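The structures come next, written out as structure tokens.
Next, two complexes with chain A in common: one pairs it with chain B, the other with chain C.
Let's look at the complex of A and B:
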């Protein structure tokens, strides 16, 4: 099938340094402001108050987090918010040694999916782990939210600084 | 439901490179012209065009597929663009199939193009926008997190080691050494080479990941009466399937791709496949990360859950094994220009079933193969079954 492959011109860093190829650049100026919506709006309000909440579908009974105003399985509206614990279990985690643009970092960030106590099994949220030796992190580890001081909370997911081992 | 029989009769592609001098339009033209040339058709023979490319944000061009449509042969024709993230390449062939199967068109040109290099300083800048804007992005996520979290969930569920998984990268990069369009083929690479690459987001290391790439791939698909006139070796589309899981990815079981199983079941039913392990001879599952090949083989029902690594270690998935997997070299070896990479997999099955894969040809004259891709918010499975 070699005859069905069209050659392409592979550009190397040197080609740019030596000015052998021309190019144009552009910096987009596109800013966004997202409305939190009904379910997540309430979620953020509760975070500001130092609480985690989910929603319960009256039809299938699932307690969901992040909360939604509809059940994507039953396709019915949900209006029941239920308080959840601010503790949970590490479902999975990573030790991340690079920034998004591939610059190395010494102390790893520890993103995790954390199953929240009080929600249905498997219902997790993404957050970070802290106050823990990276080598000691395990799937199944019990963790608790570390909150910002009340006066610094702003109604955002970052009102929880991270989760630490219980 | 009446459907017309659909064949693939031609395929072409560009060489995949880290950064191509060619623009998106030029890459699309190169692949499209090679596909037409391969079956001795011209653009006049084409009734409609499918042009697929992944996020507009990579190129920084809104309506990017429409922008590059001239290069894809779209001028003055019915053109459609599809986009299901990483699942796009296989989905493009599915779109080509239903254009013809519906009876609306006889001959369709399917073109997938990707130029990831335009996005500076790193295409992750565009990728990051897949995270939820309110509940996730304020945590300043890195796209690798989502794969690392999934890979760790998979490894932990089945007690797998990094070595079990690195064997996939070794196999695919070695296979790619025989692919004339490959970016990262290496006949001598070893499992130690992969295990010694830098850790990015544990358990993901550099060697577990496919490279950022530029490239394009094209197919010609047509109705049976056209196919019989054009070639004596048509490759038939026997089944197609696709399925989307929830976008609430932190609520999913990350150790198993249910969306792939659902897509595979749809495609197998259409193809009349009741025992995929006996009836499928060759597979090109989506492998942007080495663990994903294993994940997807299980989702495609070709191995039991958690058993694809053992099959890999036993050599079953080698090119001369009982079920050759990614004989092309896959995304890990040939490269990963997103939409184009998926369509490359369909093209590989086409060439393998025709016995035209050259040094990559699997032994035993395979009669049926499956190609699969994965994407959107890591939640879509797209599957196509081809046969002769």
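Let's look at the complex of A and C:
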């Protein structure tokens, strides 16, 4: 059988606009509603009130955040919510020069996992760091939540704007 | 131990609502481009033939799925065929009921080894049967845009 190499065709926006290439478009309706459940539902309500909460396993004593209704170590149900501080420690972070929809940015976003004070070691939430020089960010850095004004909070993780160095 | 957790007000039951922006643009490819341009400009169906395997592909392929040979023999094929299988659709993509049911069929194109998925028209849903002979009804040339809907539907022959 003879090898056949197909010609490569590069398409530019103009080719579509000027009808040089046939195409179909489809904009599927991707609206969704996700039941937050008992634990995350409570977590979001507490965010609206300006507080962080976790859950404690009665068997192993771990304090977990974000809260969940069972302990994945002990496989036991959990019913104790515990208040947490809105301060913590950077467990890991990244400097991100591309937005979620792939636009280059000059000033990096700094997503980080923040171990929350009052929760067990290594237990934390993902959020952004702010008011900090990207070069100065270190693992182990102490940070505190910067909240939206109460009237703007809506029960979302974005009710915390970012964490800033203490 | 209890998992009961009472909410004080229905608004406390949190449902997270969101929307994922999805926009897609699908190009027809080299073979598809020619296939749909022939429909749009000349109102005819084309296929590609593999001389080794003696197969005619509709929609046309650029390579043979049996022997992987490059296919460059284009042949005009009839716009008639037989209903290979069909289904009667009563709801749209979002699950809303349709006023009139639509009939979707896979139509095996005469004289080829392929076929097209398309609507059946000018036929009562009760009358459709597997093996029914049908023909393509092309839209007026001015209305054609270069896509599968340049064929309005297939209708029974005779």
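Operating definition for what follows: the second predicted complex is superposed on the first by the 140 of 166 C-alpha atoms of A that agree within 3 Å, B and C clash if a C-alpha of one lies under 4 Å from a C-alpha of the other, contacts with A are read in each partner's own complex, and residues count from 1 in each chain.
Just so it is clear, a contact is a pair of C-beta atoms (placed from the backbone, for glycine too) under 8 Å apart; a residue touches a chain by one contact, two chains touch by 3 or more.
Please read these numbers as outputs of a predicted model, since none were measured by experiment.
Peer 1: In the overlaid three-chain picture, which partner chain does A:29 touch, first (chain B) or second (chain C), both, or neither?
Peer 2: In the superposition, A:29 touches chain C alone.
Peer 1: Of the two partner chains, chain B (first) and chain C (second), which one does A:98 touch, if any: first, second, both, or neither?
Peer 2: First partner only, chain B.
Peer 1: Once the shared chain is lined up, is A:77 touching chain B (first), chain C (second), both, or neither of them?
Peer 2: A:77 contacts chain C only, not chain B.
Peer 1: Examine A:42 and indicate which partner it touches, taking first as chain B and second as chain C; both and neither are also allowed.
Peer 2: In the superposed model, A:42 contacts chain C only, not chain B.
Peer 1: Which partner, once the models are overlaid, touches more of chain A's residues, chain C or chain B?
Peer 2: B
Peer 1: One more residue to check, A:14. First (chain B), second (chain C), both or neither?
Peer 2: In the superposed model, A:14 contacts neither chain B nor chain C.
Peer 1: So in the superposed three-chain picture, is A:123 touching just chain B, just chain C, both, or none of them (first/second/both/neither)?
Peer 2: In the superposition, A:123 contacts chain B only.
Peer 1: With both complexes superposed on chain A, which partner does A:135 reach: first (chain B), second (chain C), both or neither?
Peer 2: Neither chain B nor chain C is touched by A:135.
Peer 1: Once the complexes are superposed, what residues of chain A are shared between the chain B interface and the chain C interface?
Peer 2: 1-2, 4, 6, 9, 11, 21, 25-26, 28, 32, 34, 36, 40, 44
Peer 1: Which residues of chain A touch chain B in their complex?
Peer 2: Listed in rising order, the residues of chain A that touch chain B are 1-11, 21, 25-26, 28, 32, 34, 36, 40, 43-44, 64, 66, 68, 72, 91-102, 104, 108-109, 111-113, 122-128, 139, 156-158.
Peer 1: Over in the complex, which chain B residues touch chain A? Could you list them?
Peer 2: Interface residues on the chain B side: 11-22, 27, 30-31, 33-35, 37-38, 60, 120-122, 124-125, 128, 132-136, 138-145, 148-150, 152-153, 156, 180-181, 198-204, 214-215, 246, 248, 250-254, 351, 356-358.
Peer 1: Can you list the chain C residues touching chain A in their complex?
Peer 2: 1-3, 5, 7, 12-28, 30, 32-33, 36-37, 40, 62-63, 67-70, 94, 146-147
Peer 1: Show me the residue ranges of chain A that touch chain C in the complex, using the header's touch definition.
Peer 2: Spelled out, the residues of chain A in touch with chain C are 1-2, 4, 6, 9, 11, 16, 21-36, 38, 40-42, 44-45, 58, 69, 76-77, 79, 155.
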